[in-house]
Amino acid sequence: MDALKTSTDVFFLLMGAVMVTAMHAGFAFLEVGTVRRKNQVNALIKIFTDFCISTVAYFFIGYTIAYGIDFFGPAPVISGAAEKAPEAFGKNGYTLMKFFFLLTFAAAVPAIISGGIAERAKFWTQALASAAIVAVLYPLFEAATWGERWGVQKWFEGTFGAKFTDFAGSIVVHCVGGWMALAAVLLLGARRGRYRKDGTVVGIPPSNIPFLALGSWALSVGWFGFNVMSAQKVSDITGLVAVNSLMAMAGGLLAATIVGKKDPGFVHNGPLAGLVAICAGSAVMHPIGALATGAVAGGLFVVAFNLCQNRLRIDDVLGVWPLHGLCGLWGGIAAGIFGAVALGGMGGVSFWAQLVGSLIGAGYAFIAGGLVYLILKVTLGIRLTDEEEHVGADIAIHKIGAYPEDDLVRPR
Amino acid sequence: MDALKTSTDVFFLLMGAVMVTAMHAGFAFLEVGTVRRKNQVNALIKIFTDFCISTVAYFFIGYTIAYGIDFFGPAPVISGAAEKAPEAFGKNGYTLMKFFFLLTFAAAVPAIISGGIAERAKFWTQALASAAIVAVLYPLFEAATWGERWGVQKWFEGTFGAKFTDFAGSIVVHCVGGWMALAAVLLLGARRGRYRKDGTVVGIPPSNIPFLALGSWALSVGWFGFNVMSAQKVSDITGLVAVNSLMAMAGGLLAATIVGKKDPGFVHNGPLAGLVAICAGSAVMHPIGALATGAVAGGLFVVAFNLCQNRLRIDDVLGVWPLHGLCGLWGGIAAGIFGAVALGGMGGVSFWAQLVGSLIGAGYAFIAGGLVYLILKVTLGIRLTDEEEHVGADIAIHKIGAYPEDDLVRPR
Amino acid sequence: MDALKTSTDVFFLLMGAVMVTAMHAGFAFLEVGTVRRKNQVNALIKIFTDFCISTVAYFFIGYTIAYGIDFFGPAPVISGAAEKAPEAFGKNGYTLMKFFFLLTFAAAVPAIISGGIAERAKFWTQALASAAIVAVLYPLFEAATWGERWGVQKWFEGTFGAKFTDFAGSIVVHCVGGWMALAAVLLLGARRGRYRKDGTVVGIPPSNIPFLALGSWALSVGWFGFNVMSAQKVSDITGLVAVNSLMAMAGGLLAATIVGKKDPGFVHNGPLAGLVAICAGSAVMHPIGALATGAVAGGLFVVAFNLCQNRLRIDDVLGVWPLHGLCGLWGGIAAGIFGAVALGGMGGVSFWAQLVGSLIGAGYAFIAGGLVYLILKVTLGIRLTDEEEHVGADIAIHKIGAYPEDDLVRPR
Amino acid sequence: MKLVSAIIKPFKLDEVREALLGLGVTGMTVTEVKGFGRQKGHTEIYRGAEYAISFLPKIKIEVAVKSEMADRAVEAIAKAAKTGSIGDGKVFVFDIDQALRIRTGETNDDAI
Amino acid sequence: MKLVSAIIKPFKLDEVREALLGLGVTGMTVTEVKGFGRQKGHTEIYRGAEYAISFLPKIKIEVAVKSEMADRAVEAIAKAAKTGSIGDGKVFVFDIDQALRIRTGETNDDAI
Amino acid sequence: MKLVSAIIKPFKLDEVREALLGLGVTGMTVTEVKGFGRQKGHTEIYRGAEYAISFLPKIKIEVAVKSEMADRAVEAIAKAAKTGSIGDGKVFVFDIDQALRIRTGETNDDAI
C-alpha cells in the first residue's frame, strides 16, 4: 500500500515534469513566432540550451540551496533503493523525481527572461546569466518560501497569521522571472530602430503567428502539470486546482480578446496571463474567483503591454514583464483576496502576507537580476554588436538561418 | 486505500483532460493548414476562443443540465474537502475534475463546426453559437445518454434489451458535432468562387500541409485520452480500449491512404476517421473488429468527402461532416455489430439500439444546429461580407495577417 | 489493492505508450525540417503510414514472436475480463496495453530508417520493408533479449556473470534501427548531386529549422515515457531513470552545442544523442555517470556525422546511423561502465556482457537490414527514378506539394 | 519586335493570359511585384503598434511580340485587366533590339 | 517617356520612395531581385557543409517618367540610395515606346 | 550600352553565371519569374480537386554590357542555358539610354 502510494507519487510527479518540460518547447515557439525571421534559430537554441544549463546548475548547486540535500552519494542511496538509504531520498527515487519536477520550474526563469531580451542579447553571456540565476539567485528565494528555510515563513506566520502562500509559483517563478527580465531589458536597451528620435515606437512585426500560437498552446496545456502536480503527492491532488487553472485560462483569454480587440498577439498571451496569475491561489480559490483573477490578468496584460511599449519605451520583446512580472504580482495578491472564505475560497491565507510576500519577490528579483546583468554588462558585455544585430542573431551566432534552402534560393 | 483510489482517479481524469485539451490545438492546426493563408490567424483564434467560451458556458449551465449538479457552493464544498461536503462532489475535487474532462468533449463540438464553416463565418456570431450549443443543446443530448436522465436509456433497455452504448462519444460528440456543422455549412453557403456557374468545383488549395499534419498528430495522440479516460475511474481502465483505438487509427489511415491514393489530406484525416468511429465501441469490440471499423471509416471518409465536394456541392472546408458526422454515425452502428459476442466482442450491445440511437443523434443535431444558425442568420448574420471574405478573415477581423514580417516585406 | 495496482499499471503504460506515440510525430517533423521542401509531404506520410503498418504487423505477428502470446482469442479473454482468462493476459487488458507500449518501440525502427533514406526511397517498397522488419526481424532480437527466449540471456549470465542489460533499448531499438538504416542507405546510394565527381560533398540545405526543432522537442519530451515506463509496472518506477534521462539529455545537448559550434542541426540532435545512449543504462547509472554518457554521445554524434558525410561519403540524410547506430552502441557499452558500483552505479552489470551484446545487436541489424533491402532492391526496386527524385517525392508520389496555395501562386 | 510590359491586379492574371492566348501569343513571363500609386495600401495593427502596408501586390506580365502585333496586345491586355477602379495598372511598350530562342538558336521574329 | 530602373539596397527603399515622391512622381513598381557584383556574398554552414550565398538581396525600383524628368529622377534615386559602400547598385534608363493607363485608357505622358 | 535579359531554367543559373563571368562581366541581377510557353505545366491534385500549375518557375537574368559585348553575352548565355528540350527560354536585348553607378556616380560604360 505504502509502496503503491510512493510509486504513484513518482508517476504523478513524472507526468508533471514531462508537462512542464513540454512548456519549454512552448517558450521556444512563442519566441520564434514573435521575433523576426533572422532571429528564429537563436530563439530555439537559446531556450533549449538554457534548459540544459539549468539542469546542470540546479543539480549540482541550486537544489541543495533550496532544500538542503545533495545527490553526490551513490545511486542506490540517492534513489532510495539501498536498504539504509536516508529517508530524505524517499523510495523509488522520489526525491530525484522531485528534483526533476522543480528543475523544470527553475529553468522557466531563464526562459522567461529570454523572451524579453530577444533579438539582441549575446549567446554565451546569457547562458552564464542563466547558470548564475538557476544555481544561486532563484534557489535563494525558493529556499525562503517553498523550502521553508531560515524562518522566513515562520516570520510571515507570526506577523500576519498565515504563511505566504504561493502554491505553484505566481511569485516564486513568474514574478521573479518577470522582474529579473525587466532589469535585463533595461540594461540591454531597446533594439536598433525600435524608437524614433522623437520617442515614438516603430512596429517590429512578428514573423509567424502560427508558431506563436503553437507556443501558447504548448504552454497552456503543460500548465496543468505546473499547477496540479505542485501538490507533489498524489494524495494531495485536487480537481479544484485543475478547474481553477482552467477558469483562469479562460478568463485570461476572453479578457485579452476583448480588451485587445482580437489581436492574435494579445489573444494568445491572454491564457498565459490568466495561468500566471492563478498559480499562487489555485488551491485556495473558488472557480469563479479564478475566472475573475484570470480575467483581470488578461486585461492587465494588454494595458500594461501597451503602456510599456508606447509610454515607458521599454523594449521587452515578448512582453514578459507585463506577462510574468505584473500578472504574477497580481496573482500573488489575488490569492489573498479570492482565497478568503468570504469569497467562497478555502481560507487560510492572509491578504497582507500575500501583498508583502509578493512585493518582496518582485523587489528581490529586480535587484538580483539587475546585479547579474550589470556585472555581465561591464565585464563580458551582454549585447550583440550593431552589425550582428543587423544581420540577425541566426547568421551572426549560428552561421545559418532558419530556412536555409529558402535562403539559398531566395536570400532576403 | 480508498483515498489513494480517489486521488488516482483524479490524476487519471486529469491526464485525460490534458490530452483532450491538447487535441484542441490539433483542431486549430488542422484548420490552419487546410485554409488559405489569409484565414490562418482567424482559425487559430476561433478555436482557442471557442474553447474558453465553452468553458464558461459549460461551467455555469451545461454541466448542470447534463448531470444535475452545480458548482455555486463554496470551494471546500464543491471540492469535497469540507467534512460534510455532499458525496456527489467526491473527494479530492473529483467531480470538478470530471467537469473539466467532460468540458473538453463538449468544446469539441464548436471545434468540429469551426472546420466546416471556415474562411467565411463571422467571428462573434460563431462565438455566440458555440455558447448556445455548449450551454444547452449539447448537454441536452448528453443528459439523455451519458447522464442517464429522463429515462431515455431505460427506454432503450426496455425496447431493445440493451442501453444505447456510446463509450467515448462517436455519437454524443462527433456525430452531433458533424451534423450540426452540416446545418451550419448549408445555411452559410459555399465560399466565394468555390463553384463555377456550371456547378463544377474550383480547387481551393490548402496553405500548409505540415501544419495540417501537426494537427492530425495532436488529435491522434490526444485521442487516447479521449477514449481510455472515458472509463472515468482508473479501476475501470482497460488496455482493450487503448488497443482498439490504436487498431482503428491504423485501419483508418491505411484505408484512406489506399482509397485516397496517398493524398496528404486524405492520409492525415484517415486516422481521425478511424478514431471517430471507434469511440462508441472501443470498450466492446475485439481489436480486429476495431481494425475493420477503422478501415471502413477511412474509406468512407474519402468517398464521402469527394461526393460532398463534387456532387452535393457542399462547401465543408475541412470535411467535418464526412469525418465526424458520417464516420461518427458509422461508429455508433459499428458498436452494435462488432461488439457482438459472435464477432469476438464483449457483448451487451444491441444492433437496433445502436442504429436507432445513432440516427436520433444525427437527426437531433441537424435540427438543433439548424435552429441555432438559422436564428443567428436572420438576426445578426453569420457570414462575412464579400469584401471581408476577399481580403481574408485575418485582416478583416484581426487587423493582421499570419506572417506580418513577410507581409510587410512582400505583401501578397 | 491488487486491482488498484493492476489498473495503475495499465494507466502507467498507457501514458508511456502515448508519449512514445507522440515521439513519432517528432520523427516526422525532424525529417520534415531536414529534407528539402519538395520532400516534406512524403516525410510526413511515410512516418505515419509506417507507424500504422507496424501496428498491424506487430499485432498479428511480431509480438507473438517476441513474447510467445497472441491476441486471436475473444475480447473478454485477451483483455482479462472473462473469469477464466489465462493469467498471461493480466487484468484490465494489461497485456494488450503492454503490446501497445512495445509497439511504439518496434515502430521506431522504421521511423529511424526513414530519416536515413529520405528524399529518394520509393514509398511502397519502404512500407514493405517496414512490415518485414516489425513483423519478424526486430521481434527476433527482442525475443532473445527482452523476451528472454531461447536461452540467450541465460548464456550471457553463465558466460559473463550478468545478463545483457538494455533497460529501454539503446541496443534493441536504436542501435538495431541505426545499423539497419546504414545498410539501407548504402544499398540506396547517395542523393543525386550529393557528391561532386572529385568526391567532395555538396551541401543540401535543410528546409525548415523550426520544424526540425519541433521534432527534436517532441522526441525529447516523449523520451521520458520511453525510458521511465520501460519499468512496465508502476511499482518498479524510479525517479533515477527519469533524472538519468534528463542528465544525459543535458549532457548531449551541451556537448553537441560546443563541439558543433552552436549549429542548429547539431544542437537539436544533441539531446537525442544523449537520450539514445542512456536508454540501456538509465536504471543502473548515477546521474553524473548519465551526464558523462550523454556528453560523450553528443560529441560523438557531431564527429561521426561529419566523418560520415565528408569522409565516408555516406549520404545518411538525418544522420541516423551516427545518432541511433553509434550513440546506441556507445549506450549499450556505457551501461557496463557507469553501471558499475565503483562509479556510483547500481551494479549488476558486466562490461563484457554489454560489449558483446551491443556488438551482436549492431552486427545482426546490419545483416538483417541488408538482406531485406537487398532483396527489395533486386526485386521491386527501392529507389525513385532520377526524374522523380528531381521533381521531389511530394509531387512524384503524392501529386501535391507541401504548400499548395503557395505553389499555385508562386511555383518554385 | 516589342516588349509589352503590363502591371496588373493579381486576380486578373488568368483573364489577361486568356486574352493574349486569344491573339495567338504563345508565351509570356510573369513576375510578382509590389506597386505604389494612387491606390492606397492599408494599415495592420499588432499589439498596439501600426504597420503601414504602402506597397500593394501586383503582377507584371511581359510578352515579346512582333512590332505589328504590339498595339493589339496592348489593347487586349487593357481590356482584360480593366476593372475601372483605381490601381488597375499600366502597360508600357519597349523596343527589343534582338531576340533569341535558346533551344533552337532561332533569332528575332522567329524566336518569339 | 523613360523608364528609370534602379537596383538598390533593400533597406534604402523607403528613402528612395520618399525622394521620388518629392519630385512629384506618383507611382512606381518594386521587385525583389538578387544581385551579383563586386559586393561579395557570405557563407553559411550547416552540419559541416558550406553554402555559398553568392547572390545578395536587392530591390529593383522601376518608375516611368516624362523624358524631361528622367535626369532628375536618376539623380534623386542616386542620392537617396547612396551609402558609399560597395553594392549600392545601379540606375539604368530605357526609352518607353508607348504607355497606357488601364483604368482610363489615357496614353503616353498622361498615363504616368 | 545594352541590357541583355534572359529567361532560363532555374537549375541553369550557376552555369550561366559562370559563362558570363568568363566573359569578364562583373555583375548581374536575377529575378524569380514564372513562365508560360510551349513547355506545359502539370496538374496537382488535392482531395479530389485538381490544380493546374500552368506557369513554370523560371529565372530572369539581366546583365548590362557595353554595346560591343552584347553579342558575345547573348551567345554565352545561350550556350550555357541550352538543354535542347522545350522551355529553355529566350534572350532579349534592349538599348540602355543611360547608366549610373550609385556608389561612385560613374556613368554609362564606366558604370557597368
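By letter and in written order, the chains are A, B, C, D, E and F; residue numbering begins at 1 in each of them.
Quick note on the criterion: contacts are C-beta pairs under 8 Å (C-beta built on N, C-alpha and C of every residue); 3 or more make two chains touch, one makes a residue touch a chain.
The model shown is predicted, which means the values in this text are computed figures rather than measured ones.
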{"item": "For subunit A and subunit F, chains touching each", "value": "B, C, D, E"}
{"item": "From the options C-F, B-F or C-E, the pair that copies B-D, where over half of the contact pairs coincide", "value": "C-F"}
{"item": "Subunit C-subunit D separation of Cα centroids, rounded to whole Å", "value": "53"}
{"item": "Whole-Å gap separating subunit A and subunit C, where each centre is the average of the chain's CA atoms", "value": "33"}
{"item": "Residues of subunit D engaged with two or more neighbouring chains", "value": "31-32, 34, 44-46, 51, 55, 94-95"}
{"item": "In subunit B, residues with contacts to at least two other chains", "value": "1, 4, 8, 15, 205-206, 208, 214, 263-264, 399-401, 404, 407-408, 410, 412"}
{"item": "Interfacial residue positions of subunit B with respect to subunit F in the complex", "value": "201-206, 260, 263-266, 305-306, 309-310, 319"}
{"item": "Residue ranges of subunit B in contact with subunit C within the complex", "value": "1, 4-5, 8, 12, 15, 19, 36-37, 205-210, 213-214, 216-218, 220-221, 224-225, 228, 234-243, 246-247, 249-250, 253-254, 257, 261-264, 267-268, 271, 284-287, 289, 291, 341, 344-347, 412"}
{"item": "Residue numbers on subunit C that touch subunit B, as the complex places them", "value": "1, 3-4, 7-8, 10-11, 13-15, 17-18, 21-22, 24-25, 28-29, 32, 40-41, 44-45, 48-49, 51-53, 55-56, 59, 71, 74-76, 78-79, 81, 92-100, 103, 123, 208, 211, 214, 397-409"}
{"item": "Touch list for subunit F against partner subunit D, complex", "value": "2, 6-8, 31-38, 54-55, 58, 60, 70, 74, 77-78, 81-95"}
{"item": "Interface residues, subunit D side, partner subunit B - complex", "value": "32, 34, 41-42, 44-46, 51, 53, 55-57"}
